[in-house]
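Same chain, two partners: chain A is paired with chain B first, then with chain C.
So, the complex of A and B:
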């Protein structure tokens, strides 16, 4: 048994060693630069620091890496230009579509190198396709296989026909990686260990939930005849959005950016105006991601198109965007104006309007005193505010909404059981996901759908199947019109993608949202930034 | 004494069994389909019902509860908490990666909070209903009422944004530790200060204190050597049992300061429905609580000579 004196000594010793442990702790060791080509001009600081809300998962593991490195470390065969509704060359120089899209043969650009110095060849594309087919559901449902015809030509075989195959190649997950990214090397069933890509950054260090460190990929900068303005690009993971903003204000990071996937972990919209007025540079891009009201249209009362119309006409979108300090645009069309077919549909009168008197009349003529349930996912805090405003707007026209803010799991349970009348949801994504999410939201038989009727489902199939741009646009216009006529969903506001940089950061809108060759990107890119020394 | 310890350890078996059952049941108590959450996080897409079903089969979620529980328990007993559903890494590895940060934050907060809580509690008790007591009462009230996340953000605003003295976030040296510890200590010590005060006031009202004072002992000796020592048992019990805060107490602080500790791991795992991690953390927290309880019981004999076990 310890004496009291011994006990006190023991406790004192324990506490002292604990405190000593705290004091002696070193900051994470950052490896010294290795790439001789990545010397930043002396007028810029060697390090660029970005605050970001999500882990980059650089180790990959079984299921691959995060969205940020997919954009910055890897590249894709094609990119998608939303404005032109065109798939444009990226790693692939050109392609040939056979058997209505069951086979697409891509010819690769020559001289493109991975960050480890090895050349991009058809074998790497074949490997990526096979790895995805073995490890990723999107790959499994898309690819039949691939063949390297020669060093720079690869044929990819798809399970289904249609334009959607080509559109999918611009998707995040279809990024091309070096066969050395997996272990064992070149194994289609291998475990993803470290991303090696052809993109602007080379991943050099990573600590889960703390930081990811990149260096400029010298081969990428050489390809585009650019010089990087930093030696290291350090991304600090800061989960809390307010802390992220304060980290920028305190000078601990040079920039903060939205989660490139869109829809979450973004800079609070009501801070953007304040930051801008304080001299920070706010880069903002409208993306084809639209927040909507989704109906439980398969049961009463919203199986009645008239009631859906009443909800549609009761919503004052201009008021909704005030929640976001007017930083986002009210959605008076299904997608932003530059999205394919939107202008044409608008010209044909597909415009969502605010007509509370008409809405009131519809409700008085058959739905007076009706009470409906609206469910909201608690994890989307902005949506709670939006839902509260919608509740008030619907009350103004005589529709009583019982609002239930639910934990994510409970929300999904209610959604799957169909125990709701209204819910907030989104359609679209960043540009590259425009068609992908059209499939998830409007294609018949999808679990994550927003609205499908015989007419809209058929049109969605036609859109995703059609290679001819003009015909596809025509189908899209018809599709928007069908959704509008049937009041399938109620668009509320368009989401944005933002990056905010400190005053001494060299950055501009063009480079933030375009590749050096002019390809537009929906996600912010950081290859061009630098901090003045 | 040895018999007492052995008896107490034996008594922990049903408790631990109950804790394990409860930890495991979380999987079935949480709303939503974990397979859907896991599929979405793993693959970064909106998974089809087929993919969800495949993930469900892979995770063994179709197996009956008892079979899963026995399988899980048989591994846990051998120290194997399984593989994280979303990270694909051993759960114990994930926990050990986060443990140093949590321990650092907790023990620094614990040490500072105790020192201040005892000091302020004693002052409040000695100067009951005087200005200093009122000050401590307001201080405690604020500590209890102010949410940690708000206080954390205010401290970041003052010390990082305005004064540029301390880092706003992250895990690193001592400078990174100051703001999270300050934030957490404020609420951590608030209730404890009140607790020390009330225990000491109760002791000070007892007759042996009157006798000690009548004997002409100095106030300092009466309070510290007599009354405070007697008040120590409830205080130590209360303080020690806050060990479970090591895992769950710092959640808000960890989120605000991007501190990579066990609290944020627990929250993330709950949101991701990564049940092997949640189960392990809840189980470890429960086991720690049980063993600290035993240790505290044994401590009583050290603090108070009147207490003897097994005699």
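So, the complex of A and C:
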């Protein structure tokens, strides 16, 4: 039996534990930078808070760390300039292609340092390639191996020939990391521990599904003669898109940004106009990512090119972009105009048009009363709106669409099982993914394919194999024409990459989408942002 | 005699203000739902040129993000909401009354088992339980309106069972039941012929009061994106779709919200009125 005193003690102890449990969790203590101190000028707050829709996976995963740290913590040997359709120097200053792309030898820039102070040498590139070849799905299908010729020259050996090997080197997954990122150090089969790179940020703390904390990498800022405007860059993972917008509106974060992978976890486009009118700064950049209607073209009724044509002609793209207050552009070509080969294809009449009367005629001549299923992922409010509009546009020409708004898991199941007729999908990505996604969406035998026929598949192979820019452009034009002729997909609108910042954030478009040396980036970069104190 | 009693009861109902107001509100809303094809336009018809228009003569409740007439969607939403709510209430009442009556009448181990099940269900917060159930049903059977109906029925029958059990417990000791037993009538016969008809009055009151809760639950699930899916017009889902426009286009959330509030008010007033009339009847009887 408890005495009264014991009982009171017990209750007090219990209440205290409860209260402690309820106290807001403090941010973890950040270790002081070991390298040169990077002091944010006093006119800026020490901390920058970003709301982001996806976990950064700083401890690794099947596909490595997240895309955000891949472009902020790590760098690549080359970057891709979409406008010029050229690979441009980054960590490598030049390269030489041998055996039609089976071997590429890169010469590295000197004096580049990882965030731990060690110098970037050929051995680190060799290690990265070998580690990817052993541990990463894309590395496994790409690399044969690598050799460090000297401290600053490395040869990479590929499994297949072709231009695609070089294009892939600008891809997120091919980012170069320090051999100290794995345990045991420098082991190609080592376990990934923590990302150490040459990029603008240094990863310092992380809690799965909650937050990631970065600090400026002093060596990177020194390289580009810049000073950061923050001491600590905190990324909060806020999965739900509306909650992210609300976090920005309530001041819980200084900015929100799109998942740079494209296609998911982005700021709803239908919110951009409202946010802009409320005084938030909307930074957006056109990227070669196009939302499309994808058909289940291997089964009836969309195995018929005529019905696909009817759907194509029934879509009023100008109306679709009005849902987004014209923040995005209608897709009357497969990709934005700066993408390679698009202007030339357009000149040859590869333009997607709105001709509801023709569409109606096609439907009446063979598909009257046809009912088709369209599946939509519930987590994307934009796509639910677009799907409802498409349903009406198709109804106007006589095609009945049953709309099924599904939970993400159920959506994936239905998609993978091929239990649908229509769905909304995207082709392309940020600039660096232009050829990568062409491979994934249009190359024969791919899991995430959008449309493949004998003709388009062959042309896709030619595009990805061709080193000569002019010939590649020609193949691209033929490829666009083939997709257009076969109505393989129906382009809807060109998507963008965005970052939305609060009113007191200091940021500019140039630094948001360019490296300090002028290299264009399709993804928003946060190395030069700050919050006014 | 029965006719006279019915007339007296009806006159008491008609003299009860709460009943009259509640009934008036519900009759008006139901009539809107019934006449939806006549008094409202096609709720799915989009017109992007007219998107997000504030209330005007052409669109009395304004238009939504796709240029659809909010008035038409709200009016067609009456059908969806009332039909679903009615189905849920009837199913819950049937299950609850049946189990409650069995528990109350037979007592013993039957009562213990049903009683503990009721306790377990009452211990779980209703909306949280509903969300979990809808999620599970969606994964198991895909998206369907029946997910919402089943989920709400599973949590909603409990209140009927609890009340029914209490009523049957008192009724089974009454003279007319004892008399039937003495005459050799079977338990099932007594239960169906004598006990349940005498318990049905309070159940109707409960069902009326409960309809408000059910409408609220349907709207809450719709708001959370778990209920009826677009493009079907449903009030909770309409509020969800309009919540991001609350400062720029408040009519998207105001009118569906108003209809939810008014219909709940209607059911509550009618339920309260019925309860008042029945309580007076009981006082007169005793």
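Note that in this section the second predicted complex is superposed on the first by the 476 of 533 C-alpha atoms of A that agree within 3 Å, B and C clash if a C-alpha of one lies under 4 Å from a C-alpha of the other, contacts with A are read in each partner's own complex, and residues count from 1 in each chain.
By our rule, a residue touches a chain if its C-beta (ideal position, glycine included) is under 8 Å from a C-beta of that chain, and two chains touch if they have at least 3 such contacts.
Small disclaimer: the values here were computed from a predicted structure and weren't measured.
Touch criterion met: A:407 reaches chain B and chain C at once.
Of the two partner chains placed by superposition, A:347 touches none, neither chain B nor chain C.
Between chain B and chain C, the partner in contact with more residues of chain A is B. Judged by the touch definition given at the top, the superposed model places A:251 against chain B, while chain C stays out of reach.
When the two structures are aligned on the shared chain, A:323 is found in touch with chain C, with no touch to chain B.
When the two complexes are overlaid on their common chain A, residue A:67 makes contact with chain B while staying clear of chain C. Contact with chain B, but none with chain C, is seen for A:447 once the two complexes are overlaid on the shared chain.
Of the two partner chains, chain B and chain C are each touched by A:242.
Of the two partner chains, chain C is the only one that A:391 touches; chain B does not reach it. Touched by chain B in one complex and by chain C in the other are residues 242, 407, 409-410 of chain A.
Residue ranges of chain B in contact with chain A, taken from their complex: 1, 30-33, 36-37, 39, 42-49, 51-52, 87-89, 97-98, 103-104, 107-108, 111, 149, 153, 156-157, 160-161, 164, 167-174, 177, 255-258, 260, 264, 271, 273, 301-303. If you check the complex, the residues on chain C that touch chain A are 44-46, 48, 51, 65-66, 135, 138-139, 142-143, 225, 229-231, 241, 243-245, 247-248.
Contacts from chain A toward chain B in the complex involve residues 1-2, 4, 7, 15, 18-19, 21-23, 25-28, 61-64, 67, 136-138, 141, 172-173, 208-210, 236-240, 242-243, 246-247, 249-252, 261, 379, 407-413, 416, 440, 446-448. The residues of chain A lying in touch with chain C in their complex are 242, 245, 268, 270-271, 274, 277-278, 319, 322-323, 378, 381, 384-385, 388-389, 391-392, 395, 403-407, 409-410.
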